[in-house]
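Below is the structure I would like to discuss, written out as structure tokens.
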Amino acid sequence: MREKKFASETFATTSKIILPNDTNTLGNLMGGQLLNWMDIGAAISAQRHCRRVVVTAAVNNVSFNRAIKLGDVVTIESKVSRSFGSSMEVFLDVYVENHRTGKRTKCNEAIYTFVAVDQVGQPIQVPDLVPDTDLEKERYEGALRRRQLGLILAKKMDPKDATELKALFEN
Amino acid sequence: MREKKFASETFATTSKIILPNDTNTLGNLMGGQLLNWMDIGAAISAQRHCRRVVVTAAVNNVSFNRAIKLGDVVTIESKVSRSFGSSMEVFLDVYVENHRTGKRTKCNEAIYTFVAVDQVGQPIQVPDLVPDTDLEKERYEGALRRRQLGLILAKKMDPKDATELKALFEN
Amino acid sequence: MREKKFASETFATTSKIILPNDTNTLGNLMGGQLLNWMDIGAAISAQRHCRRVVVTAAVNNVSFNRAIKLGDVVTIESKVSRSFGSSMEVFLDVYVENHRTGKRTKCNEAIYTFVAVDQVGQPIQVPDLVPDTDLEKERYEGALRRRQLGLILAKKMDPKDATELKALFEN
Amino acid sequence: MREKKFASETFATTSKIILPNDTNTLGNLMGGQLLNWMDIGAAISAQRHCRRVVVTAAVNNVSFNRAIKLGDVVTIESKVSRSFGSSMEVFLDVYVENHRTGKRTKCNEAIYTFVAVDQVGQPIQVPDLVPDTDLEKERYEGALRRRQLGLILAKKMDPKDATELKALFEN
Amino acid sequence: MREKKFASETFATTSKIILPNDTNTLGNLMGGQLLNWMDIGAAISAQRHCRRVVVTAAVNNVSFNRAIKLGDVVTIESKVSRSFGSSMEVFLDVYVENHRTGKRTKCNEAIYTFVAVDQVGQPIQVPDLVPDTDLEKERYEGALRRRQLGLILAKKMDPKDATELKALFEN
Amino acid sequence: MREKKFASETFATTSKIILPNDTNTLGNLMGGQLLNWMDIGAAISAQRHCRRVVVTAAVNNVSFNRAIKLGDVVTIESKVSRSFGSSMEVFLDVYVENHRTGKRTKCNEAIYTFVAVDQVGQPIQVPDLVPDTDLEKERYEGALRRRQLGLILAKKMDPKDATELKALFEN
């Protein structure tokens, strides 16, 4: 029988001040830098879930909704949302905090997928994830549709077999 | 009438040697580092298309299919695949070259979306993209479906209106 | 009347994976790198306390008790422990998490002092800090002794006037 | 009989131009960056003293007295001030040079402690340090008081036994 | 009989956006940063020629003719120009692209020499280089004069024996 | 009458420990990294000579004679060797110190040329350099030949007019 873990046990958070080094010519945080930081945060969550070396397998839809300015504080929060065999979907929420008013605003969400590997890089089984809060449950449910979508886009699944996803487009 | 540009005019390429600095504890390139490099490459293509400051708006499905090792040479190629108003979809192909045999293998694809902005960060119109080769045409067609998918996932479009995407799941 | 803030409002936390880039020739995290990360964490706490630009004024006794290894996860937690006019003492606790067992151990404490400055770099008053938990109160009390010690070492106070500190060495 | 070394044999110096990468939003050198550079400089001095791998054990009182601006040249000078068994106290003096006038001003002092370790990370004995100039002798004497203070703060010594330090507060 | 390779097989190219991190206090790309990037580009070409680990042996005359500004796109192109035993001369052309007009201008040339080494760092023979285009042939011819010059400057050749180079200064 | 400065007033020195971040796959310092460090060191010397913003104009013959290993200490020393109008030739000597034996060996020499510029980037006159020691005089003399060689290679001088250089190849 496989081990189980709660989503909350995989929670990781990181705060950073945006420095000149991280910005483009408009003085805004560059998207690629944030993608890199989210990758590290998500890896910590995945590692806490499986206690193994983890490698990035995929990045799903990430959107950047608002410019993050030099001097702002960015907080990246991540939690594993579901596991499938050796892979783990990690959900990230990113917040930006205006350094004057202290107002904290959500600036984007992202979903990364990690795979647990052994010393020679072969995938190994990870524990099942147990969602607890309403949000954790909602993300756990959505993970299945996103996985079907990923398999279709990678041409590893026939769209007709993606029953959960297909339902989205019907009547 | 809007200006037009050929996909080939937006081609950008970058080769890098994987150094210790870029690797995880298994000696493999970290996913976040590659995401960051692809962001820079894609930004150069987008900038060549519109001659404006560009900002990352979204990252669509990226999958990492094989480990890239310390000492390997990675080549990132990017081209704008389609434009929509002020946004540009950029398609990236990443190749890895074994430093012993010289064998070059495709290791992943990625799709980034950029928006052109003016000095105060407001979106501005970009030229239309004209695909020429078969691959450019295929990616140009696919861009519409991917855009509908993005709008649905962002809850800015009703799945029933996504006619091109819906067709994928029918009969 | 000066504004007040609770210690808990200034809490900041950051988790990082130790990468090759951060290690010395023994594969251990370098002290200078950790000092740099703690400075950023402490600055976020100080900035949350005063909503101003903050600059590092001093680093008090920091000790490194155990080697942190490549691949471990380090978590840096910080909170303002007391304010004096324009300066804020920030207390940091650093934990290391073994990536195999998940065991979390405290690896060091540090105390940094920050000053709030205006646009031309002149010091400005910050809110008073209100400690709430027992640990916050203990650190709030200790801050006075540490401040006297700092002033003596900087030759800005006569040891005979450091009443709280002096008491330590009596009878 | 233990080997001896002169303080002057451990002297190390480094000059750096402050680049955008090193500054905060006010265009001043960040404290954490300077702490990191001082750690490297001090490690070179400690390594010259013992010809072994050295690791940072502690940072004592460091104060940052003046802002260092973008484009300024910073010079970090370090020398071992005393050794105790396997540990070495290193004293640093930092100077800033205005890039227009060439005027060189001392901007801060710092004291770091390093420990010499063998291949498996176990502490090993280092040579005794022999001070020669008046300043070297003064710092050599002060090292004992600082060591007592460190041991008291780490709760490894009873304040009553810190005879040299205690004398500071008497009559 | 030694293997042969065409110059075109060693071609490598890299495009980069100049970021704040790369600039000096005037907002221009620093020379040392470009030297570092050219070294990586040239190493990729040399590695493609010999399929071995390569190490930088020399940098010949490099001149920086024009300032490259923050936000500009720099393209570095490199090709092996000739091989001599275990060493390879690599010729680099650097172009800068104004991000507004798209105008591409050559900004400098550089010549680096690399040596192929085995696992213990001993030099090993590399294939002969076959020039094909007129420019490749011109650079192939010049490589001999440059090699003589390098040997004379390193005092490993008597100027009187440098027949090709000497001819430059005659009648 | 132009101001004069002694070579010794422009002396700059920097010591660094080679960290994983700086090495290639053989564990040796990468040439490009050393070129970058030498550029910073030479810029400090040039800036001390003229008290102006300086930009790299050229890198002359640099050769890398021996591998520098992870953990070694590298010391870069630089001094202006001669000035010509707005340009300054800087001579660098690089030493490597074995971290076990403490043995210090010269590992390479390099010559960089810098130009002093005003706020808009226009070249401005710098003081004359006065050599004092024998080595300073020898390098001061050689600077003229190297300058002629640079002008010839840049096709700004006819080889026949390079009287000092030509003498090298005669009788």
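Read from first to last, the chains carry the letters A, B, C, D, E and F; within each, the first residue is number 1.
By definition in this document, contacts are C-beta pairs under 8 Å (C-beta built on N, C-alpha and C of every residue); 3 or more make two chains touch, one makes a residue touch a chain.
This is a predicted model, so every value here is computed, not measured.
Common neighbours of chain A and chain D under the contact rule above are C, E. Ranking all chains by how far their C-alpha centres lie from the centre of chain D, first place goes to B.
Among the pairs D-E and D-F, the greater number of C-beta contacts is found at D-F. Greatest centre-to-centre distance from chain E is found for C, with centres as Cα means.
In whole angstrom, the spacing between the mean C-alpha positions of chain C and chain F is 43.
Centres computed as Cα averages put chain A at a distance of 31 Å from chain C.
Averaged Cα coordinates give chain C a centre that lies 19 Å from the centre of chain D. Looking at chain E, residues 20-21, 24-25, 30, 40, 43, 53, 71 sit in touch with two or more other chains.
Applying the touch definition to every pair of chains gives A-B, A-C, A-D, A-E, B-C, B-E, B-F, C-D, C-F, D-E, D-F, E-F. By the touch criterion given at the top, residues 24-26, 28, 30-33, 35-40, 43, 53, 55-64, 67, 110, 112, 117, 121, 149-150, 152-154, 159-160, 162, 165-166, 168-169 of chain F touch chain E in their complex.
Those residues of chain D that touch chain F in the shared complex are 12-17, 40-41, 43-44, 47-48, 51, 53, 71, 73, 97, 99-102.
Only residues 20-21, 23-25, 30 of chain C touch chain F when the two sit together in their complex.
Across the complex, chain F is touched by residues 19-21, 70-71 of chain B.
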